[in-house]
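Following this line, the structures themselves.
Below, chain A partners chain B and then partners chain C, in two separate complexes.
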Partner chain A sequence: MEFGENQRPWRVKPELPFLLFLIVVLIGYVGMLVLMVGANVLTVSWEDIGNVLRDADIQRSIKLTIVTCTATAILSVLVAVPLAYLLSRYQFRGRAFIDTILDIPILLPPLIVGLSLLILFNRVSPSTCCWMMAGGLCFAACVGFFWKNKGSDCSMIPRALLFIGGVFAVGALLMRGSGSVEEVTSGLGLPMTFHPLGIVLAQFPVAAAFAVRTMRTTFDQISPRYEEVAMTLGCHRGQAFTRVVLPLAGKGVVAAGTMAWARSLGEFGPVLIFAGATRGRTEVLATSVFLEINIGNLPGAAAISLLMILLAVVILMLVRFFVGKGGAI
Partner chain B sequence: MKRPILILFFLLALLGSALWWLANDRNEIERGKGSLLVHCAAGLRRPMSEIARQYEEEFGIKIILQFGGSGALESQLMVAGGDLYLPADQGYVESVRSKGLIKESMPVAQLSAGIVVPKGNPKGIASLKDLAREGVKISLGEKSASVGKFTWGVLAKEGLLGEVEPNVVVTKPTVNMIVEDVATGAVDAAIAWDAVAKNFPEVEWIPVPEFTKRSKLAGIGVLTSSKDASRALHFARYVTSRERGRKVFVEMGFEVPDVGDAWLDIPEVTLFSGSMLRPAIQERIRGFEKREGCRVNTVFEGCGTLIGMMKAGSQPAGYFSCDVKFLDMVDDRFFPGTVMTGNEIILLVAKGNPKSLSTLADLSGAGVKLGVCDEQKSALGQLTHEMLTRRKVEFENIAVKVAKGDDLVSAMQARSLDAALVYRSNALASPVTLKECEIVDLNDELAFAEQPYAVARETAHPELMKRLGESLSSDDARSDFEKLGFTWKLEEEE
Partner chain C sequence: MLEVKGLTVGVGEFLLSDFSLSIDDGECVALMGPSGCGKTTLMEAVCGLRSGGVLSGTILLGGVDITDLPPGARMIGLVPQDVALFPTLTVREQLEFGPKLHRWDRDEMRDRVEGLASELGLTGLMDRLPKGLSGGEARRVALGRALALRPRLLCLDEALTGLDEARHDEVLQVIREMIDREGVTALHVTHSRKEADAIADRVVVME
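Showing the complex of A and B:
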């Protein structure tokens, strides 16, 4: 290789071209997003936005969207934090299997989530559900009994699994002939299918899966040494978790919640199938857009889209401002 | 994040209140308690929303409309039930009915498919053949939507499928979406229902004979899963009534079928029926009244008497006649009837047949006391009279002429006659009869009456009467008839 007169080639190769490359990518992608929003803006007049905001059905849709997304996000975090901690800190047989199951909601087309819920609630009896749970837990317990982890003689966990499986089996016997799951929940005053509560249930599986992923990464990044130190100082595992790990994972929790909230905002397929897209009843903003397109109201649909973008940006900013001050969510 | 427990409690409280709000939503009315769930084709969205609003206003019953493609709704209702199903094509109603999920159905509106192009028709598309031109981009309905099923079917029948298909750039699950494609300029043409295309100011609808000659009837079906069938039928009647639902459909540019019922909260109709049919249909009519929430006034008489009443000015909404001949006499007042059942005339003799009567000829023998019906008063009498005349049986032996077959059966039980010519159903109406008497088959082609059911031309409730006819010809009804010795005539026609 010849370097000619200049003896230090690395100096004349400035970072400018690379930086330009980065900027081009940035312009390409962000530009596309801005253009998409811009196209929406162009089809909408102030009058359309006024009409949409004055529409009682849309007002209700906004309210319902905020309430359901918030409920789903909280529910997701409550499930994701302990689950992710378990997966992050404990080694056990079948962990890879559970990991795979947790990915199912992310991989599947969202429509299938809705369809599965619809079938589960209307075609399957609670007794059958309990039998399936009992069967699964007994199988897990057997796995635990026969393939004990090296160095661990603790048979508490398989026994606990077996016990819970037994409880399900008793439940199955008690609930024989009680109709479908939907009939049972309706009887308890919690109707799900084609009902506002069903929206939360439809949003939850996917939202929670994303929250678990986020929390898992967070916990993986926190060194177990902190807990170990806390425990040598007299904490038991639970205290170490609540007093040491959780405060450290605070930003991750907020991120998981935000992620779940944002996912729920856009969730459309499962809500449409399981909770229905009934005007003024189980209509959330994502389904509002669909309903407006369905009656040929393109400006209305675009106006709602803008509303959703605005809502998402405002909520994300608020969360960043109040909770994650200075933190990168 | 200094006090996780506090935050946890806060989150739980927030979650609890959110879920509480959702579960006790004011907008919510329980299904089956003053509300109806209607699975409605997306293409009928505008008129149905308006009709549902009017109905809610008038009766305070919440109508929950579930919109989607006709086929998608079908799978949804199969899992989740509901009260009513309104696809854009009667064919779906029939297919769901064949699965036993629909009981009644009524026609709602007529849909004609045509080509949808952007306003001004820039590509100059005027016929189906133009769709096969190179460079024309087309959006069609998916086969799960009724418009798609229809379009693909017609294209195949017209032999244009091979030429048009390469131009189809996209298929969509509901008719609204394909019109939307034209409206946004994403495609050059689509095939959609006229009434849907008229909602969009950006498009033009071009009728093509291949489609308009096969216009589709959208029908509403009452699901067997409905927990409040009377309420569901009430709404279905509302949607299809001339003064209510149909009016909205017409205002929104839909064509509607000519016939349609007048709107009445509780309709009242009159059915004239031959008295022989009473044991077979009385209970069933009561069940029909209860389910439909209507009143059916029934007049059971000999058919001669019924004809007399009609000539005197009575206008029944329906007529279940003892024999085709007695419908022919008043056929100007009724739509063509459907023969539902047949009833054979038999010879009823005393147990053991002491006079050994086995043919019509035996009736001419000396000393036989024969009972018949009056030819003026009933179909049985007239048929008997004609049969005896043509088979040259002596009239001298006729000891008595009564108004109805039942009277002859009573006379036989009183042993005041040696033989009587009655319907098989007369003899089987009461189990007591066959303890005293026995049936001798005449095996004569003239010894047969056929009972047609007909709906009046002038009635305000033709659809209701049609449904009454359907209810009287259901499988359950068939067994009622057959128990009474009627033969079933409908099968042959189907």
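Showing the complex of A and C:
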């Protein structure tokens, strides 16, 4: 090949070193995960697994784990879908602040989530909770009133916040001297602290935060143009959401539910602090592992860990199977 | 008749300032202008999709002030640039979407949808999902969906972008025929002078 006066040959370095780097990172990380599971498998015999599966406490723990994780996942999706839609579609002042608040459960040490719940339910009165909510909402409404966005179509939001704040203020007045939040929920037949229901509540903040993130990504990927066209055809926002957006977000909803379920399965700190680890009562698989380690039964703990891994894998595969067949996107 | 009087719309940093336009009943107007001059913003404001951004001015359709009406009450059909067919609905469901929402009589809705499908050449495609349609077919479905409710105004926002020349001319002809047949007033946003001359009774250029 001949080159012109000012031309030089183009040289490209071989891509093998970069490819090797990628492979080393892959082997490093995946290898670590495989070794972790492998170590569990090597510690456990078939007899240990049989013993664990025959243990009545562990059987109750498995049932309670499945029930609480499912309840938490459903609750998380019910909260995540509207919240993520609000954050994805509406522009308003303070959205970044709310975004940050939603990430707090993910960033906080799990023990603090449990401790905060314990304090909220046992040291604070419902009246105080209502006053705090009313104050926060009124402040947000004031910000909305005096700091409007140009081109925003959310003029009704500050008024709605003010109204809900007012409802909380009335609630605060009505609930004066009603004891702690736990006393009120127990009075309604819904005891939380150190009760099975508390497990769901302890799993919920972190699981819901992950579900919100997943749904937010889903809604961000759906073009708002669909809703706009639906609205020109006669839909109001709610109809456009239920008739057009929600069917499109089917896979995202399943993914958010799975994420919340899997997250709840591994939740330990908040459950331990808020719901306790009472054998046969508030024991879920994560606490079973802890209890087995406490009594020095390492093979038993490893067997339960394997059971949890198996449960998570089965759920993930089931979801992938069904989503792969029925999803819209 | 569409009358836009002194309309000022703000969207983020962009400001469409003091814009006026008048379109007679049954007239098709092509709106042209350089990118970023506010053609789509104007169309969205007319359709009611930027209601919070309308800072001043009025929009009258058939003598009725629609400036503050919600999009669904304006009787405007929209064909957006990206077509935006609902991915989970079949062609039949797309065409029935508006009439079902407005609780049309079942027979009336069937007649209207079958009629539109026949005129738009969609009869054999009624059970298909959007992912099974070609670009030209998708445009025709979007046109049928926008016309199903017999709107007073049809808004076409660069609806032919992305089609090859043969499909482009074919769909352009279908649009013109449907506008004439339905007797609907139309506002067509385009970048192409040739397209504007082919479809419109009048061309308006935004600065």
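Definition applied: the second predicted complex is superposed on the first by the 293 of 329 C-alpha atoms of A that agree within 3 Å, B and C clash if a C-alpha of one lies under 4 Å from a C-alpha of the other, contacts with A are read in each partner's own complex, and residues count from 1 in each chain.
Convention: contacts are C-beta pairs under 8 Å (C-beta built on N, C-alpha and C of every residue); 3 or more make two chains touch, one makes a residue touch a chain.
Here the structure is a predicted model, which means the values were calculated and not measured.
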{"item": "Chain B versus chain C as contact partner of A:P247, first or second or both or neither", "value": "both"}
{"item": "Which of chain B and chain C A:Q239 touches, first, second, both or neither", "value": "second"}
{"item": "Which superposed partner A:V229 touches (first chain B, second chain C, both, neither)", "value": "second"}
{"item": "Which of chain B and chain C A:A172 touches, first, second, both or neither", "value": "neither"}
{"item": "First (chain B), second (chain C), both or neither touched by A:T68", "value": "first"}
{"item": "Residues of chain A touched, compared between chain B and chain C (which is higher)", "value": "B"}
{"item": "Partner chain(s) touched by A:L137 [first = chain B, second = chain C, both, neither]", "value": "neither"}
{"item": "Chain B versus chain C as contact partner of A:P196, first or second or both or neither", "value": "first"}
{"item": "First, second, both or neither for A:L78, with chain B first and chain C second", "value": "first"}
{"item": "Chain A residues contacted in one complex by chain B, in the other by chain C", "value": "247"}
{"item": "Interface residues, chain B side, partner chain A - complex", "value": "1-2, 4-5, 8, 11-12, 14-15, 18-19, 21-23, 25, 27-28, 30-31, 37, 42, 45-46, 49, 64-67, 76, 79-81, 174, 176-177, 179-180, 183-184, 196, 199-200"}
{"item": "List of chain A residues in touch with chain B within their complex", "value": "60, 67-68, 70-71, 74-75, 77-78, 118-119, 122-123, 189-191, 193-197, 199-200, 242-243, 246-247, 249-250, 253, 273, 276-281, 291, 293-296, 298"}
{"item": "Contact footprint of chain C on chain A as seen in their complex", "value": "150-155, 223, 225-226, 228-236, 239, 244, 247-248, 328-329"}
{"item": "Contact set on chain C toward chain A in their complex", "value": "10-12, 44, 47-53, 70-74, 76-78, 80, 82, 84, 86-88, 97-98, 101-102, 145-146, 149"}
